[in-house]
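Chains here go by letter, A, B and C, matching the order in which they are written, and residues are numbered from 1 within each.
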């Protein structure tokens, strides 16, 4: 229970603040204290990398209207002034960062709940999800391979394409990762609610493959988000589109909210969702995994 | 002892804030009694009962009545406390905050109104919410039955939900409103006519590793003949339509037969399974176990803790000192004997805060217990409750000659921290249970 | 119906701040209401009126008519054409000579002299009993200050192009010593005679040439040019003059210069046309059973009166207060008469004090700072049912002016209508001594609310 484990971290009295967090970060937050450091700072948030084997190993500390990422801890007030490299401590129920000691008073569920869904509805949603030109990897051969392989349930094709896509593209969350994250969440949730077990199993394989060495193949934040997606956790914008796809809410507004995220992130995630829907539709009614290209 | 009675014009603060101020003043050394309250007929009556001479006044005046060695010092402290309250409200909305729920609803989109103004004024705010298309939780009690029926009928027509009046607990997508606990997300939705009942069930579920989607309170009178379960039905339908809710737990007091029949007909139509915790027919712990079985989950042993060092012997009377009405009723039924008091009842909360915030009446009662007696009490943690109930309770328990058994309702995630409260209470010599039924059974055995 | 459960809602909180604090501690967005108990003694009436099942639709209908009304200036008529025999109209709720204040008496004396019913002021006072006095509002008419209307005065005639109503208001005499402030000296009467013989006919003939003038559009424009249409009418007067000038030259070539000079010399010339517009709009909202909408606020120098849509022509009154404002020359508060005039029809119709934020040039009246003017308008949204779709305030991002006073909201918030006004001298014959703000008496509104509650038949 002593704080001295962090060499050089000055002992200080921190102001207690409370907020809300995605339930996905609960295991990391409630594990014993671990050192962490600030990876990146934004006007409405910062990423903390925690020295832990658990996932999510990157926690987004956010405020205001910042996207409620599935690895986020949300504060009601403004964040302190932070610099990349600042030290922090995460664990025993708290995040200690700068002058603040943050605790969680509310947990939100980062998984979409779509209810049972009829494949006919999914078919109807597909046209709206067609690429809008904002995707970072438009025309990339591996995206095409991934789409084709998903449609036919060709597992090797899916995994081969995914291997090439992890970490592909510029930025903190490369486009390839965003597409895969959208695909993973869709396979898991829509596959389950449409009763297409094969899609869920493909999702499991895909999740295991892309998370296996994600920490060495892409940025830390993107690796964490891939882990979250493999567990079925996503931002409210992604969940909103999946609920809309299932016919619970109007699709167009949900989709435009998603596409507004980041530079290409929103459109890349939407592309991943579209590939996932094609996969679920393609696998609906067919039995086991296919070992070869159709 | 000197007295000071003053009326201040043009100042308004809500009753809970003023009760905190009153309590802070009363706790000052040399202060015998301090009343800081809006000069309503009730509060003026209370002051007169305490022997203060109160001049003619309006309910919009702030009444200050202090009996102390040095009332002027108390008045200075009062100025400081009131100033802090005013600054706080000024900071909340620097420029022209909305003055009605209607104006607030027009200023920015919202989903829910939480109304806790004095009961006789709650109708207007709740009506504003419904007319603006908002769901509403009425924390206030003292709303007339006629107004309750009217609000709920309007809500039904508009597809909205009225939680309350006198709804102390709700959780919407993890957001705790009123008295609620910090719970993990999960598959269970709760409809409850009893706030502490809902807190108990959800805390046990959380302990068993099962989270909740929403807790929808309906108010204690919803299943009366007059209201006919209007909000219960609406809440059941909402949870049934919610894809995240896989199981519904319906917690109610014994309902009116016709209201019950209407509700049962709705329950039968739902596609989501419903576990019913009807007090009297079952206890909350058994209903929780039933819910776990329906979900296919194991029913754990509900944790309990012995006193750190030798608990006191029992054999005398059994005294139940409760803050939650439902928990009190349940414990009385389970124990089968004893003398039970619900300090959350209107008779004890007139002019003072709920025992979940202000423990003084219960501490007085605990102090009066005798050697050999068993005192059974509930301690409820969570949002809105006393930030550290053990801080005042533990010394009283340690000092009491009676055996003390506590039902502790809370989760590890609560602001007070279940574990810290358990340690403090057991160190003081209390037996602590997470199940109220278990606590009552234990306390009932060995006591008369 | 499930949107409540779709995510964490933003929560409006009214009441205990402890509950609001605990929501913020969970990073839940809150909108705290600065709730206060309602005006003392209104609790029961409020509960009954709010519970009246007719109220929401009645108010929606009344305010919808108020907003939809489209006032057009269609003519100028001599009052003798519409007044009953031996009748004078006056501002505010009905009043007798005995209860009348200085300026009201002065105006009555002036009217007696003007109409030749008396030879001198004393005789006028003695003979006033031979005349019938009635409230302007009872004759689809409004008048500023004393609001005196006698047969030889000319009236603006304004029609509501949507609902077909008609309303009248006298012509503005200008500032200084004028009848409406209770002055009745020879120069006052001479001016009134000139208005009868020259101005009235010229305007009548001019309007025959222009056809109806769209006052709704004109008022909307004037708001964007810095008028609030009660204490500042400079832009509106200029706009009206632009519309009328060519027609006046054509219709009355011999008098055009003096007529145009007269209008140009009076920044408040438009006020009376605007008041008739306000009257025709608020009249459209009258007589909706169950409605708690205020359709008239008017003062006679002694009483401040209020009428509700749901209660027909009944007046609810309280003592008129002395305005708080700025004084001309050496005049001061001791020289001021209690509040007087029908010009509060502008506030009733969402202008004047309610549109204060549009008129930074006259913020001296409300405390001196532009922020005070903005706050005056913003606080009026608390007690009104709607925002005007056409009357917009540039400084508030073209938000519509607050319009449609609901007496239940006054009782709930204790916020009284902000009323801009001129200040009349206390002594008959003095004229205007200043201008400023007046606080309406709260009992006018609370008694109206009680009467509305009592009018609801038990369910």
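Operating definition for what follows: a residue touches a chain if its C-beta (ideal position, glycine included) is under 8 Å from a C-beta of that chain, and two chains touch if they have at least 3 such contacts.
By chain, UniProt protein names: B = FdrA protein.
This is a predicted model, so every value here is computed, not measured.
Engineer: If you tally contacting C-beta pairs, which comes out ahead, A-B or A-C? Let me know.
Structural biologist: Most contacts of the two pairs: A-B.
Engineer: Report the chain closest to the protein's overall CA mean, measuring from each chain's own CA mean.
Structural biologist: If we average C-alpha coordinates per chain, B lands closest to the whole-structure average.
Engineer: Using mean CA coordinates as chain centres, what's the chain B-chain C distance in Å?
Structural biologist: 50
Engineer: Please report how many Å separate the Cα centroid of chain A from that of chain C, as a whole number.
Structural biologist: 60
Engineer: Rounded to a whole Å, what is the gap between the Cα centroids of chain A and chain B?
Structural biologist: The computed centroid separation for chain A versus chain B comes out at 38 Å.
Engineer: Among the residues of chain A, which are close enough to touch at least two other chains?
Structural biologist: 18, 20, 105-106, 108, 243
Engineer: Two-or-more-chain contact residues of chain C, please, as numbers and ranges.
Structural biologist: 6-8, 25-26, 28
Engineer: Mark out which residues of chain B touch at least two other chains, giving numbers and ranges.
Structural biologist: In chain B, residues 173-176, 213, 242, 244, 383, 415 touch at least two other chains, as defined above.
Engineer: Inside the complex, what are the residues of chain B that reach chain A?
Structural biologist: Touching chain A from chain B are residues 173-176, 182-185, 211, 213, 242-244, 383, 413, 415.
Engineer: Quick one: in the complex, what on chain C touches chain A?
Structural biologist: Within the complex, chain C contacts chain A at residues 6-8, 24-28.
Engineer: Please give the residue numbers of chain A that touch chain C in the complex, ascending.
Structural biologist: Interface residues on the chain A side: 18-20, 74-76, 105-106, 108, 236, 243, 249.
Engineer: Which residues, counting only chain B, touch chain C once they are in their complex?
Structural biologist: 12, 14-17, 20, 38, 58-60, 88-89, 92-93, 95-118, 120-121, 123-125, 127, 129, 131, 134-135, 139-140, 146-147, 150, 159-161, 172-178, 213-214, 237-239, 241-242, 244, 357, 383-384, 415
Engineer: Give every residue of chain C touching chain B within the complex, in rising order.
Structural biologist: Interface residues on chain C, with respect to chain B: 1-20, 22-23, 25-26, 28, 31-38, 40, 43, 46-47, 50-51, 56, 375, 378-379, 381-382, 408-409, 412-413, 415.
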